[in-house]
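Two complexes come next, and they have one chain in common, chain A, joined by chain B in the first and chain C in the second.
After this line comes the complex of A and B, so read on.
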């Protein structure tokens, strides 16, 4: 078996349909939609709440996204167990943490499958983007952990917190219960990433900066063109309290908030350009 | 009221533990080092395979089993310094070159259509051999002097039994006709032959039987000198 496994080769059964994240974010329809929002013709969907007309479908889509994200998080942690030799590449204890994460992500995948069923969603009903796994392909274990455990799992904290709140607001105790359990695991995973980043770059500030830069890039990508952000209007809101529990400083959370704003501005500009080109 | 000053035997009447066991400290450490080596190889490959299998139920099972075998390796990491090996990596080795070849072959399949081959290697060959070696060790070592190893072996064995059953059931659900039966059997013959050549997960004598036909003494037969001989 190869030591590095590309996202294109991720094994799936026939129900899964793959789509690149760029295709979603750069969809010209998004630009047209934003223009109409800016002109006041329609209202931005905003926070995921039960009284939104599209709430059931938006929640089902988000839940399916969580499900495919959990599969990829499981695959990414598994690859870190295999791709690096114990020693110079990666400490033994780091691989043990990744093995533990495999179990956690396997449970999350199972929980997500049950929740999809609970919400009336079939596997493959929504497309899968593999950008989460792609962050887990970095050949440097420090960068990989920073990208996966701080950026990806950080996004998971924001998403689970959003879904937990949605479960509460929509009187769905099953959803709220499950999301709360998954949220607890994600805080653990982000803390793992923060601890390993600190430990492995203790005497190597250059490598630490590289890792943090990689995290910024991944965080920008994971802001999904402003879908995740700090404002009340963001469909997925930054979960400040849980991020602090996981080892993020206030400054770091502010920085992610700024990155999300940048991502939103860029996606809007690109969307407008794409709309202009299409018309 | 019971008299607290009344003399009692050091061992309760139902406690039948006896001295000695068939392994000395050094032999125990050597075996534990081999166990750690194979548990590490196993959790690494299970983790690597997760991305390569398309079957969802098998994907999540592999994720769970990855952690279990990593945890077993951790149990052995902690046991080695207690057996006078302060650098666990020194004894974390394959028992011989044949065992290394076995692991190389075991970890070879990658393609998504090779789930049967991956599963047979682990659940029909390696895990049954691990259960055999761990059981032999647990039953042969001193239940008094080597209590900590027995405790770890019992924890590991509990997982191994459950994994074995789960993996076997998954395999039976994948094997739908003569072609798959043939594939599974072919794979098992190849890997079993390599593991037999290695003598088991701790080399010749993994379960007390040696290629020259001699058999390890039972726990009641041997003192420390025989235990060393067995380990030689």
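After this line comes the complex of A and C, so read on.
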């Protein structure tokens, strides 16, 4: 079985359609929309809450994104079990943690599939972006672990917390309960990443800094142009309490918040340029 | 056949064909029973990536407003979805047909409808669309209905009744809303309930 599997080769049936994240970022409507928000002509939709007119469909789309994200998290953790040899590359206990994570992600995939059904969504109804799995392709195990277990799983904490609150507010006991349980697992996954990062770079501050720099890059990508962040405009809010439980310091969370602001500013600039080109 | 026009006539932010949208609207207007004397203008905000829609009726003149994503293919960014457009136009035009029918009653304008009223009326419209032979995405509509009317057995029964109905009035829609409201737990409107409860406790000094 080959090592370091590229995202383009991931197995999917004909229901799944891929979309590059760049297509979304470069959509000229985003820049035009932000310009109108800045001018005060219209309001941004803001947090994902039931009092948004588009709440049911926005929640369905996000839930489908969670479902495909869970498949990719399973594939990423699975690759980490296989791609690195026990020894200098990866301690056996790390691979054991990744195997446990695979089991969690497989369960999450099934739960998410059933939640999609509960919300009236068909598998493949929305496009799939593979940028989550792409963060799990780094050839250095420490960088990969940081990308997956701190950045990707950190995003999962923010998303699950938002969806759990959405279930709570809309009195949807199925959604609230399922998201709460999955959220607990994600906190554990991030904690694994934080612990292994410290352990494996204990005597190598340069490698630790490289890993943290890689995490910053991935976190900027995962901020999705401000879709996730502390801003009132961000539909997904940073789940500070759960991130602290998972081993993030307050400074680290503040840094992710700043990165999200940068991502929003960059996406706005890109969007405006795309808007100008389309006009 | 109703006369349909689309604004803008040419799109630059999305790859939509105005003539195709006109044809789809004419098809759905015929199912909704709108006659030759009805003029429909569809205004599409192609600069918005969202999917909000609304309609207004002034005598025989109908104006539909839609943000671009209302007609978009969820799998192919900025491309038109014929099936999705039929659903949106069918839903709106069945409601327009209701507004034009004096026997239906006098509902408030779209912008004055509550989420509950709107989702109940949508269930009634989409049920008819399904029986006209179109895919109406029933379970998606049921979820939207539950979000507005509660995750209760009563809400599900009311949804099924609205979906299966052929000749309702506005009073029936209001009665359906009252029926689900009677068993729905009171909701917080902003922020998670747990946080609202914690705030209330902190205020009370507990």
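Rule of thumb we're sticking to: the second predicted complex is superposed on the first by the 277 of 279 C-alpha atoms of A that agree within 3 Å, B and C clash if a C-alpha of one lies under 4 Å from a C-alpha of the other, contacts with A are read in each partner's own complex, and residues count from 1 in each chain.
One rule holds in what follows: contacts are C-beta pairs under 8 Å (C-beta built on N, C-alpha and C of every residue); 3 or more make two chains touch, one makes a residue touch a chain.
Remember, predicted model here, so these are calculated numbers, not experimental data.
Room for both chain B and chain C is found when the two structures are superposed via chain A, with no clash between them.
By the touch criterion defined above, A:202 lies against neither chain B nor chain C after alignment on the C-alpha atoms of chain A. Using the contact criterion defined above for the overlaid structures, shared-chain residue A:83 touches chain B, although it does not reach chain C.
By the touch criterion defined above, A:103 lies against chain B but remains apart from chain C after alignment on the C-alpha atoms of chain A. In the superposition on chain A, contact of A:113 is made with chain B only, not with chain C. By the touch criterion stated above, A:95 is placed in contact with chain B alone, chain C being left untouched. Set against each other, chain B and chain C differ in how many residues of chain A they touch, and the higher count belongs to C. The superposition of the two structures on chain A yields an angle of 120 degrees at the Cα centre of chain A, opening toward chain B and chain C, reported in steps of 10. Looking at the shared chain after the overlay, A:250 reaches neither chain B nor chain C. In the superposition on chain A, A:233 contacts neither chain B nor chain C. Legend: residue contacts after superposition of the two complexes on their common chain; A:38 is shown touching neither chain B nor chain C. Figure legend note: chain B and chain C, brought together by superposition on chain A, show a least Cα distance of 19 Å. Only residues 17, 19, 23-24, 27-30, 32-33, 36, 42, 45, 49-51, 53-57, 59-61, 117-121, 124-127, 165, 168-174, 275, 278-279 of chain A touch chain C when the two sit together in their complex.
Against chain B, the residues of chain A that register as touching in their complex are 1-2, 5, 9-13, 71, 74-75, 77-83, 86, 92, 95-96, 98-100, 102-103, 105-107, 109-110, 113, 123, 133.
Chain contact summary for the complex, chain B toward chain A: residues 40, 43-56, 59-64, 66-71, 73-74, 77, 107-110, 112. Only residues 12-14, 46-52, 68, 74-78, 115, 137-144, 146-148, 150-151, 184-185, 187-194 of chain C touch chain A when the two sit together in their complex.
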